[in-house]
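Below, chain A partners chain B and then partners chain C, in two separate complexes.
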Partner chain A sequence: MTTAPRKTVPGAVGTGGDSHRTPAAAPGTGGTGKPRRPRSYEALTGYLFVGPAVILFCVMGLYTVGYGFALSFATWNGFTPNWTWVGLDNYADLLWRSPVYAPRVRHAALNTLWVMIASPALTVAVSFPLAVLLNRVRRLQSVLRSVYFLPYVTSGVAVFFAWQYILQPDGAINYLLDSVGLGSLSQPQGWLGNPSTAMPTMIAVTVWGHVPVAMLLYLTGLQGIDRSVLEAAELDGAGWWRTNASVIWPLVRPITAIVMLLNLRESLQGFQTFLVMTNGGPGDHTNVLGLEAYRLAFLKNLAPTLGLASALGWILFAAALVLALINLRALRSKT
Partner chain B sequence: MRIPFTRNVRLAAVAAATALSLTGLSACGGSSGSGGDAKSLEMWTFKQSHVGALRDAAAEFKKQTGITVKVEAYTPDDAYTTKVQSAAKTGDLPDVLEVHSDGEDRTLGAAGILSDLSGDFKGDWAGRIQQSVQQSGLVTAQRFKDSQPTTAKDHGIKEGQRFSVPLTVGTFGIVYANKKMLAEAGINKAPADWEEFLAALKATKAKNGTTGGLALGLKVQSTGLNWVLQPLAFSQLGQSAYESLFGKDKNADFASPNGLKVLGMYNALTPYWMPGAQTLTIDQADQAFAQGKAAFDVGGTFTLAFLQQNGMKPDDVLAFGLPSPKDGAIPHRALGPLALTGLSLTATSEKPDNAKKWMEFLSQQKVAAQFAKAASDVPATELGADAATVLGPTLSALVDSFKGTPRTTYDPSRGNEFRAPGYEQDDAGAILADLTPLRQQSVEATAKKLRELNASYWAAAQ
Partner chain C sequence: MTSISVKARPGASDDTRARTRRRIARAVVGVLLALYGLVSVYPFLWMVSAAFKDQIEVVRGGHLIPRNPTFETLVDTWNELHFFDFFLNSLLVTLYTVVLTLVIYAAAGYAFAVLRFPGRGLLQKLFVSLLFVPGITVMLPIVLLEDRMGILGTHFGLVLPFVNGGAPLSILLMTGAFLAVPLELRDSARVDGASELRIFTSVYLPLARPALITVGLLTAIPTWNEFLLTRVSLNDPSTYTLPLGLQTLSAENVPHYNNLMAGALIVVIPVIILFLSLQRYFVNGLVGAVKG
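Take a look at the complex of A and B:
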């Protein structure tokens, strides 16, 4: 899309111009010789068309964002007529000052950090080799691509409930392990019931949901690589491993940056999976920052903690912004 | 390719686009969902087990008054809370809400979502309600005092207001046992004390290692604290020492010898939890018990109805109050009844008089008796001499657990009188979960963490 102003082409319908009349034989006019619309009329039409979208954006976007930001400096439960302004107190309480909220936020931040490290790394570690293999498959590639993309299509609350059942003490995973003689690996308390396995399991489910898009992005990148580059590598004697490690991997670095960025953002702010599957448990072992913000906003039975939730949301936004910049800088294309 | 449009077509398109956008916006505003004619009401409940009974009552109400009541359920509790809050924001509330008594009603009242019923709940209506819960829903002097901090959820209420009238009563800390599993383990009566309870758990677990244990929805973090530890601690220590566990005095809090003692007793349950109890919601734990995945289940008086919905008959279970320790301060502790749910009138109801008629109708003795039978729940209305017949043997046994003197009765509705303002039971529940069933912390470490939690809330309240 370009935002550059279009030059008026004399004779083109609806482009305006200095002349108020279009030559009778001009293309597109049908030879009717209708008078041109005034520029102001054309502009008005355009504004009217984009108007609803702009209004919607202002109401649902800018207003909401501004409202949320203002709320982060207040105490409010969502219903009382007035906000109580507290300045930066909400931020201070969350970050260090409150003996109630600060420890919870620190604990959730540590859990979130684990997700932020493991989820993007594992997503890349799974999706890149998967894409490389899929790129080499000549037959049934589209079928396989669809199969690998299924988790993304089916992701949703119902799927997370399904995962919950699979991971229960008498669920499919324990049953499978028992069936193949690996009963010692099964979890008698369920995979989400053991504090040692709950977070790794949640990360695995998260990665399961992230791999399809990452794999598709890598596949697109791989298919865009110039064959001559790969042939040159082959001529230089590079094997399959060396070609992938030294030629393809650097070439898809921008895609890795995007995958990492998307995953970092999701890991930092996403919480739906945790809400549905563990609600932060067992105990408090899978509480993450997004879930804590959601709790403060919606699960406190009208306690005046909406401002705290909003402040936590803005802290997360700031962290996401910094991470995105660092990530893009670190993984920018060097080719 | 350019498609030529006439001016009229373009204007029509613009108008349509604008209209569609504004339609979307106006949909956010909405209006009262109760709508309909003046002879119809809408009521929401979070109790699936109440829906049938309420609809039966509504049919009778229509016969008598010509007023239709449409009853809808939204479950589980969290979903209901969210539904009510969002509906309040969009002006789509029904006329009547069933609410959690003595907490949720005041919070919603303070938020302007509910109407004050203090002028209406009196005379015959109030007289029909059991004496012990008549003050439920009322903003008493103590409740008003507790609401004073700006951080209180019900900040803004006024003394003397009433935001709900009691509908059902009951209590927590009721144990349900699978009679068949008990018999298989050689047990044919309810355990008389905590030690016998542990022995029964041991016996059923020994009989069947995977299904012989205790179910409790520990994913809801406060259940272990509310339903087991607190009544147990009350029995062991007596009221004053029990309440001191939550106080500022380090000589008497959870890290004191008293605290360590009761935490150790609670920890004795560790070998007997059903597998994965820590990942189950309350409903899931009850379902697991109904499906035979556990020999015991801890819940409340309200659990019986849910078990019935899931295929268990009252005769299949043995129900009793959580047993007290033999050598505790109160070996025969009663579990005080409290109003569990109440009826509230929304502030946006366009038919408040009809709504109040419906609420009063539900409190009538005959209607309440039918409700009790249909919902397998204990109504707040005094049922009189026929109560045992109306309630049936299992519910009557539960009601028997209410009987005690003020000194020997654990009152679960006592809240902020002895705890720090704003104290969140979920936080303490998460700490307890690390003790049992998760075995992540020792009794001593758990006690220390509970002490720190108490201290943090006391400090935050200053």
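Take a look at the complex of A and C:
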């Protein structure tokens, strides 16, 4: 095919709202000829095809984000007709100024920090070896993969209640410990009732829920590794440990970065498990920032805390953004 | 290249030793994999176990295998605790969400992958950026907005934010799938005079079936399990979805764990069946997304 008459009607574009500032003017499509059809027709069809998505995005996405951002600078209880603008007061109150909220936020931040350190690290520590082992297995691999993926599929209220049930004082975890002769480790108050075991237990449940996706990502990465690289390592006399530690691990570093990023974000902002299983207890020992924001937004009936809730949400967002940037930078410098 | 599989070994004794070592290694791997499999399914085992126990046996804890297995708990939960209604509500909400997601984002993915129009790159970036907005900051505005629109507390009011929440991933997956379709197919269809809609529905959609299934599953699973927004938006118990109905069971003073676990089983079984029946496409679709 010959080159297409592409530069025919440059002025006819701009059918939609904004003008024709096409970013990076659509790379590719080099040699392929584009028969007939004028570009304005194609642009119009394009807008029609993305239209529904854009409308929904504007209402449910842009509007709500803008609204939430504005609200974070105001005081409001959700019932009175008007907001009271307070500028940055909400942020200051949450971070250091208010004697009521600042200590709670600080305490919740500390709990969240524990989750943010332990959950990604443990998720990687479990899912990478699991993927390496699973990758060696020929038979039953797909069966095992499905079994390992079940926690993701069912992750939600139902399975959190199941965890709550087996973590009880006379639940299945204590029963298991007793029956394998580790009865001294069992928790007579239940794993979530004891302030010193509640947080580690919640972290374990979180990791249990995060391993499936991480394991699948690692498995994909492992199956994409060129066999000749591994054979070269074997020729050089590298054993199994050595190959995994010095060849495979560095090769899957981008995947580790993705797993860490997803996990950090979830640890920082997620709180559903905590809401359902402990509701922050015992005695705020498992209160995390997301849960605190949720409480400020939805559980303070007439108190004017909606602005505070919004501000806390944006603090979480900013923290996630900073972490994402650090993560990306760390990834770039090592590859 | 030469084959590098096993280095030649001098003595036969070395050979057998290597073989035993390999056999031990394989056994260790097997045991470790089985152990994690057990960790994965452990809560389910007890969920199933408790769902078949009666009121008295469940508080005694202990045995995984119920002494007097009974269907009564499941039947009771299903009938008396309105689980049939919750189930229908969940089914409707999930179905609407999945259908709308597929229709809207398949079209958007097609536009982004195939059509050239001004503002395309900018729009694409906007959609992806939505991925980083924390759920909790938009939850409150969504509730307030829907209250004003008069759809708060309805299933439609759940479906809209669910569909929008899935936008970044769905668009990413669909665009990737459509980009993989050879351009020649489209061009020849155009030469034959097919309309853009026709090309989309009869050339591109059939070829993107694995991606459609993946997007469908990735939408259906979280929608089925969704709890937070549902909890703050629904007030009328007749509109409750399964997770919310389940929560009403646990909110009683002393939760009856056999009923609670039977309810949990009712929530979990449909997604497990859905996942297992489609998992072949799902894993491939996901893998394709990671690579692409």
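List of remarks:
Just so we're on the same page, the second predicted complex is superposed on the first by the 286 of 335 C-alpha atoms of A that agree within 3 Å, B and C clash if a C-alpha of one lies under 4 Å from a C-alpha of the other, contacts with A are read in each partner's own complex, and residues count from 1 in each chain.
Rule of thumb we're sticking to: a residue touches a chain if its C-beta (ideal position, glycine included) is under 8 Å from a C-beta of that chain, and two chains touch if they have at least 3 such contacts.
Predicted, not measured: the structure shown is a model, and the values here were computed from it.
By the touch criterion stated above, A:Tyr67 is placed in contact with chain C alone, chain B being left untouched. In the overlay built on the shared chain, the residue A:Ile166 is in contact with chain C alone; chain B does not reach it.
Of the two partner chains placed by the overlay, only chain B lies in contact with A:Asn301; chain C stays clear of it. In the superposition on chain A, the chain among chain B and chain C reaching more residues of chain A is C. When the two complexes are overlaid on their common chain A, residue A:Thr80 makes contact with chain B while staying clear of chain C. Once chain A of one complex is fitted onto chain A of the other, the partner contacts of A:Gln189 are limited to chain B, with no touch recorded for chain C.
Touch criterion met: A:Ser98 reaches chain B, while chain C stays clear of it.
Touch criterion not met for A:Leu261: it reaches neither chain B nor chain C.
When the shared chain is aligned, chain B and chain C each come close enough to touch A:Pro52.
Once chain A of one complex is fitted onto chain A of the other, the partner contacts of A:Leu130 are limited to chain C, with no touch recorded for chain B. The intersection of chain A residues touching chain B with those touching chain C, taken from the two complexes, comprises 13-14, 45, 49, 52-53, 56, 59, 78, 164, 168, 170, 298. Looking at the complex, you find that chain A touches chain C at residues 13-16, 18-24, 26, 29, 32-37, 39, 42-47, 49-50, 52-54, 56-57, 59-61, 63-65, 67-69, 71, 78, 126, 130, 133-134, 136-137, 144-159, 161-166, 168, 170-172, 175, 208, 216-217, 220, 224, 228, 231, 234-235, 240, 265, 269, 271-272, 275-276, 290, 293-294, 297-298, 306, 309-310, 313-314, 316-317, 320-321, 324.
Every residue of chain C that touches chain A in the complex is listed here, in rising order: 1, 4, 25, 29-30, 32-33, 36-37, 39-44, 46-47, 50, 59-62, 64, 103-105, 107-108, 110-112, 115-123, 126-127, 130, 132-142, 144-145, 160-161, 163-164, 167, 171, 183-184, 187, 190-191, 196, 200, 221, 224-228, 232, 242-243, 246-247, 250, 257, 260-261, 263-265, 267-268, 271-272, 275-276, 279, 283, 286-287, 290-291.
Across the complex, chain B meets chain A through its residues 2, 4, 10, 13-14, 17-18, 20-22, 24-25, 78, 81-82, 85, 88-89, 103-104, 107-108, 110-113, 150-151, 153, 155-156, 218-219, 221, 275-279, 293, 422, 424, 427, 430-431, 433-434, 437-438, 440, 455-457, 459-460.
By the touch rule above, chain A contacts chain B in their complex via residues 13-14, 28, 30, 45, 48-49, 51-53, 55-56, 59, 75, 77-81, 84, 98-100, 103-104, 164, 168-170, 188-190, 192-193, 195, 278-284, 298-304.
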